[in-house]
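In the two complexes below, subunit A is the common chain; its partner is subunit B in one and subunit C in the other.
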Partner chain A sequence: MKRMQTEILVIGGGATGTGVAWDAALRGFRTLLVEKRDLTHGTTGRYHGLLHSGARYVLKDAASAAQCISENRILRRTHTHCIEDTSGFFVVTPEDEDDYPDRFAAACRRLDVPCTEIPASSALRREPLLNPRISRVFELPDAAADSFLATHATAQAARQAGATLLPYHELTRLHLSGGDGNRTISGATVLDTVSGEELHIDADLVINAAGAWSGQVAALAGVEVKMILGKGVMLATNARLTNTVINRCKMPGDGDILVPIHTVSVIGTTDEKVAGPEDLPIEQWEIDLMLTEGDELVPGLSRSRILRAWAGVRPLYQETQPPAESNQSKEGSHSNDQPVQEMPQDSRDATRALALLNHRQRDGVRGFITITGGKWTTFRLMAESAVDAACEQLGVSRPCRTAATAVPGVDQGHYWLGHRLSEVEDEQLQSELVCECELVTRSMLESAAQRNPTVTLDDLRRDVRLGMGPCQGGFCTYRAVGILHQLRTAKTSPVVGEWNVAHMQSPAHHHRDSSTAEASDSASNSASAYDSLQRSAAVDPQAAVSQPNLLLRDFLQERWKGVAPILWGQQLRQERLDELIYLSILNADHLPVDDKESPLSSFYRSDFSPSGSNQ
Partner chain B sequence: MQNATVNSVGLSLNACIKCNICTSYCPVSAVTDSFPGPKYAAPQSERFRDFGHPYYADAAGPISRPLAGGQMPDASVDYCSGCRVCNEVCPTGVRIAEINARARARIVAARGLSLRNRLLGRNELLGRIGSIAPGLANFVLHNPIGRRLAAALFGVAEKAPLPRWHHETLNRWLARTRAQRLRSDRKVVYFHGCATQYYEPYVGMAAILVLEHLGYEAIVPPQNCCGLPMLSNGEFTAAESHHRRNVARLAQYVDAGHPIIGTSTSCTLTLKEEAPELLDLESDPGTHALKLATWDIFEWLRERLDQDQLPSDLRPLDQSGQPFILPYHAPCQLRAHRIGKPALDLLAQIPGLDLRESHARCCGIAGTYGYKTEKYQIAMDVGAELFDYVASQTSKSEPDSEGSVSFTACDSETCRWQLEHGTGLPSRHPIELLAAAYGLYDLQARRPADGS
Partner chain C sequence: MLDLLVIGAGLTGLFAAYTAARAGLRVRVIAHGAGATHWHAGTIDLLGNLPDGEKTVTNWTQAVPELPPAHPYRLLGIDAIAKAMDEFQSLTAVAGLPYVRAGAATDLTASSPQDERTSQRSDSDEQVSDPNLGRNLQLISPVGAPRPVYLAPAAQQAASLEDDRPLVIVGLQGMPDFYPELIAENLQKLGHRARSASLPLSRLTKRLDRSPLHLARLLDQPAEQALLAQMIVDVTAAGERVGLPAVLGLNAHTALVTQLHEATTARSRPSPQSSHSQQAGTSIFEIPTLPPSVPGLRLDAALRTQLTGLGVRVEIGMKACGFHATGRRIQWLETETGSRPLRHTARNFLLATGGILGGGIYADRCGRVRETVFDLPLTAPQSRTQWLRPLFLDRRGHPIFQAGVSVDQRFRPLDQAGAPVYDNLWAAGSTLAHTDPIRERSREGIAIATGYAVAKGVVTSQ
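Entry: the complex of A and B
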């Protein structure tokens, strides 16, 4: 069994875990992160993409609202290129209650959330598809955030600071020693899900940042962390309906947010309490509800083309320990000002504020911290509070630096919708397009496949948006598989130097700054290059999962899961064409891969009612 | 602006299933890399533009929120010729050419309009100015130095087939021949378009003679440019004011139930479809009424034919005893009417006429497209398919139909000029052939048979 040694071991490769690794590495800790699948495979990659201004929670969850607006300001500096400065409208429709808007505006002022009421006519002029019956509109600094890119950029910042990130390494055991009241976590055993090898990790401290899976991780330490898992269903439209984030100006409910993210608008969400973080069925009533509520914001949304449905799970947490213990547990945490509440019946009512569980005080387990709750918007703050608590346990004092440190790529400025198209046009890359819908060029795909952890095509989707457009993989899947096959069989010289993640979504990155990208990363150590290279199973001839047929089948299955729940109208027509391509022409359902499985094959077909994934 | 809905033109991109049929038919992307194809330019790129905002402008300027730094992300859409072959072949109904036209309007809004494109959009104004002294105007524009200057100063392709001003406008002919014009209870309105007014009044004469031969009085009320050249060049605001003026001028005839009949397929298409759709005027009552009242002349004549109202005194066209072989090209703009090819139905009534239908996709000129220096060669390459077809009719004759080709026929003016330029053969509007077959018109000299 291979062994590794580290100071801080982070469990979970979502926004929070990656943020923790970045924060810890910046503070000089030797840091290792393990994630059982790809980075952002969980909730981070399944959210609607809203960078909250906090306004949504001003009347319901003041603590969360305060955290959101503060982090909103910080992330605009540290992750500029991952954010599109869309601004946000809170609109009052005839169905919304009368006194809420004034209370809302007052609460925004109280909490220092910048809020300007604008005439409804101006709002309609900017967003002509908005419901013309809206009576009042407030503009707030909401924005759209690319959680895939942000996490990858954070991951690269973490690597540059010396952290090692191991995706496709699943936690199997936490090493627990000592008796009651004096138990200590000293490391973990993880399984490399690609090679099947086990890895023994010694760590001074383990930070559980597994999001919706936090309860399961805590259970391995013999600690009970009762998560409130709130499933949220989202739908993506074929193209943007608005360029501004639209919120209903009312108490947060279902289907009252419309976020323009990249080329689509996402309407969300439901909030259904579920038992576990996987196997999330999407019910017909949830789709119907999103469409009905969507029509309140943009009349006709329900009749426009819906690309896909998917569900994510909010890792909500509300402390339910007896007051004596929980007071103790709040020590040094950001949730000091949170009153202890009854366990809410509905996950909609659970706080969105972050929850830091210091298990030494809370459960008498040393070397183990859980950071959960919160929003994507507050992931940096969550990381900060977790590493603050780690410093305290490790008996060192090192200030957090993330709020003042930009991740690679911020020099590109805010994301804008035309970014890819303008680069493709400027560099005349039209003939290089592999995924035509999302303008993914061959070089983007090759860079991602060779240099970023890649086990399935779905990993490349999260890297470069492969297959996320209208045809949902219809035309790019076979092309991408062919390219990976070519990479695998070609005698190409090994790729050296870390790929500049900051430009992974940039079609022209090869033409513009390949040299600077290499140079800026030469400082990052060889270990990190090893980390990312060894995981590129899709182009590694030795890896079982590199079989082209398997890559193809897995990705088609993954795309199908999100399309099946919304299969009507224009998207049905699309799927019929895709069916003709893959089943009638390529015979894809009879490819000789029956005895081969990727680590995700079963996930993609885990249930018949599809749980989908982001867009 | 009223009635912006999720199902308006721009959102027709939602119907795209990426099948590539449009790309494989596109005559422009087949001959140049400058245009990546209809699918790329319209449904694909539109998702990356300032999507969801139907085009319109008000006192405060165009509606679309300025893109980052006022940028329009793409430029290659300017190489779409607007021929609408893509619309014709799209199996799911994406308004590809319209999406592209709107994108060009946004480019104009973001980057401004070149003097050349402004001029090309003003063919009515050019026509009017030239008509003051047609001889001088023709001399200035049709000598090598003038053309070289126009190319250097404005970017108007030196070799492109510019029309010549006629010594008499259609209106002056109408005034001169007022006494001979038929008065009748059965009335139609003739929409001549700018080219007929200033360059080819004989097409209008042929049309009026045929209408009168059928017993209809042709009313030719004051009218102006339909706005298409401006729409093609992205100048939507000017196009809208032209369109609204036509709506106002024609309203009384539309209300009286008179059909509005045109010989220029692009003008009639603009009244029927392009202006209402591109300018978001579908719900404007005047626009809608005019749209429903407008006919292509052969579309209207075919109705008469179907109802046995067509005079049967059609005579063979004389060609010194030889069979008259006529290659006919249905212009893209006519195909966009989705009315079939009514000119063929009518010309087939002419005894002894050997009609040969071209299946070429486009002649290349596409309105003002082929007049632009950077697009001239593209237009010629697109047209090669058609030119070759015409040449093949001339050279290789089938054994049973020996004959020579003296004319080609096409419904659209710029296409005829391009055809003449590409084949060296004179080209005629089908209405000229019909008028000649009725003995009303001299096909060679292009004037009424009675010499008026």
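Entry: the complex of A and C
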């Protein structure tokens, strides 16, 4: 069994986990992160992409609102290029309560959330598709965030600070020693899900940042962390309906946010308590509700073409009772800061504020911290408080530096809708397009595939938005498989140098990059020692590509699970064209079977619930 | 007055119009858009899988009796299907774009537009005893899987996987829709002798649009044809079959294939294998690509040229918006124009608007499934919960894609009581229920066979 040694081991490769790794590495800790699938595979990659101003929670959850607005200001500096500065409207529709808007505006003032009431007529001029019957409009600094890019950028910043990130490494065991009430965690065993090898990790401290999976991780330490898992369903339309984030000005409910993100608008969300983090069926009523409520914001939304439906699960947490074991702990006094509350009946009512569980005080387990709750918007703050607690446990004092440190790429400024198109046109990259819907070029795909672990095409989707447009992989699935297969069979030497996440969204950059690759081969040799260390620890990018037919089938099924719940009208017709391509022309269902299953084949299956009681 | 108004310009509509016009009827074709022929591989897939999805069909004459009784092929019977295929082959021979069956040798170089000999089935009385009658070809898909095809354009025939000559799949570097290494590797896994090679597309064109259609137009030019021939000879060896993406010319297709064939066989003449490869057909073949499909465009153009020769107009851009019926007879159909609806009066109407892909059937969010021109009663799953299955590649297919019009033995749409809705309305092609042509790999077979049957039915009823 391979062994690794680290000071801080982070469990979970979502926004929070990568944020923790970045923070800890910046503070000079040797840091290792393990994630059981790809980075952002969990909730981070399944949310609507809203950078909250906090206004949504000013009346319901003041703590969360205050955290959101302060983080909103910070992330605009540290992750500028991951944010589209759309601004946000809170609109009052005829269905909404009369006194809520005034209380809302007062609460925004109280919490220092910048809130300006603008005339409904000028809001309608800016957003002509908005419901013309809205009576009042407040403008707030909401924005759209690319959570894939942001997490990759944070991860790159963490790597540059010395952290090692291991995707596709699943935690199987936490190493516990000592007796009841005075136990210590000294490391973990993780499984490389691609190679099947086990890895033994010695660590001074383990930070559980597994989000919705936090309860499962804590259970490995014999600690009960009762998560409230609130499933949210979202739908993407095939075009942007508005260029501003639209919120209903009312108590947060279902289907009251519309976020423009890249080329689509996302309407969200529902909030349903679910039993497990991977138990995410999409029910017909949820889709209907989203569309009916969406019509209140943008009339006719329910008749627009829906590309896809997906569900994410909020990792909500509320301390409900004094933990039994903390009585035995002498230092247990800090742990009960939070008021003891009834378990909320509805996950809508659970707080969105972050929750830091210091298990030394709470459960008498040394070397173990859980950071959960929170929003995507507050991931940096969550990381900061987790690493603060780690410093305390390790008996060192090192100040947090993330709020004042920018991740790579911020010099590009905020991203904007026409960004990719302008680059493709300027550099004349038409012949290189692999995915016409999302303007993914061949060199972007190759660069992502060679320098980032690629186990499935879905990993590349998260990297470059492959297959996220109207045809949902109809044309690009085949091309991407062909290109990955060529990469493997090509005699050319593998590309060295770290994947430059800062330019992940930039076709022109990748194009220039690949055309000068040979020239710069020698120049990058100096960096290659560091890089090969990084990559030898990560997944072998060639491994997956040795099974092109499996890649193809997996991605077709992955796309299917998100379109099946919304197939009607023109999107059903589109799917029939995809059937024509993959069945009639490619005969993909009669390809030789090169391997039975990838680590994710069954996930793509179990994640899918047909729109009803189909077998 | 028109004898037959065909609604829909796909393979179904065009072949039905051709058949009826050849029999002397006055025919017109109207359609909202160009048919789905442009999307498909340009082959005639007659039946490749049975609906349970488990068995691959090698001979459709044996498989058709296993289809459900309401399936269009069961309504037609084997002889009627074979007769329609025969007529289609004759048409393609006349049009200079010959289609061939398994076991039939074509000498591509001998084909000429007027030469009826290139149709293998000159004597149709023989067909009953012909052991090859129902045999499918196994051609090569763009991922290297076998494609079950009944009639192939002559340029795809040499892809047959029953042929044991070694294969070399030649790609064009910089073309996004063709991956020779992947095709060759999958063919090897299936036990075939295959390798791959690449030609730099940059030597042929500096243009950035590298869609199959653009490349096909480029290869209509003599200079590029000669250059391509030389490049192919350079990367291939004697005795090899050469597979290329289906971009070998649009208008000068036959001439180009002939030239490439001669260029690759010329150098093998001294070798003892040469006579063998001459017998086995051409040494060059095309592999279909993603849409737009160049072989599909060629077929569409060939059909339209024949129709023009028969005086049949094909009007695209006409969206049906209303119709009028008296009793059980449709009097006229209206299409949208900029000012007022245009009225089309005819004695008979053929609905050939396709299924969900073609736009003949529309399924909405509430689970309603509609036929888009006449709002005919449909056979379809009752609610949206029954439309789909959990796995995309489920061999049984998704029930919604079997939605369609139920018809009587003469292909007249039926109402719930089982009686024809109108006496002079007919339906054919993918609009029909009780089949999922894409899963079955029967799209073109159903189009041709049912289109032909309706045309013959209309002629008889006149």
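Going forward, the second predicted complex is superposed on the first by the 552 of 615 C-alpha atoms of A that agree within 3 Å, B and C clash if a C-alpha of one lies under 4 Å from a C-alpha of the other, contacts with A are read in each partner's own complex, and residues count from 1 in each chain.
Following the convention adopted for this analysis, contacts are C-beta pairs under 8 Å (C-beta built on N, C-alpha and C of every residue); 3 or more make two chains touch, one makes a residue touch a chain.
Given the structure is predicted, the values throughout are model-derived calculations rather than measurements.
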item	value
Partner chain in contact with A:240 - subunit B first, subunit C second, else both or neither	first
First, second, both or neither for A:548, with subunit B first and subunit C second	second
Subunit B versus subunit C as contact partner of A:573, first or second or both or neither	both
Which superposed partner A:68 touches (first subunit B, second subunit C, both, neither)	neither
Subunit B versus subunit C as contact partner of A:479, first or second or both or neither	second
Subunit B versus subunit C as contact partner of A:430, first or second or both or neither	both
Greater subunit A contact set [subunit C / subunit B]	C
Touching partner for A:387 - first (subunit B), second (subunit C), both, neither	neither
Subunit B versus subunit C as contact partner of A:284, first or second or both or neither	second
Subunit B and subunit C contact sites that coincide on subunit A, given as residue numbers	428, 430-431, 433, 475, 573, 577
Residues on subunit A engaged by subunit B in the complex (per definition of touch)	125-129, 238-243, 263, 298-301, 303-305, 414, 416-422, 425, 428, 430-431, 433, 436-437, 439, 469-471, 474-475, 570, 573-574, 577
Subunit C to subunit A touching residues, read off their complex	36, 39-41, 45, 56, 141-148, 174, 176-179, 181-182, 185-186, 189-190, 207-210, 288-291, 293, 355-357, 359, 362-365, 367, 383-393, 395, 400-401, 438-439, 441, 443
Complex contacts: residues of subunit A adjacent to subunit C	284, 291, 302, 428, 430-434, 442, 475, 478-479, 481-483, 485-486, 489, 548-549, 552-553, 556-557, 559-560, 564, 567-569, 572-573, 576-577, 579-592, 594, 605, 608-614
Residues on subunit B engaged by subunit A in the complex (per definition of touch)	1, 4-7, 11, 13-19, 33, 36, 39-40, 43-54, 58, 60, 63, 65, 67-68, 71-76, 92
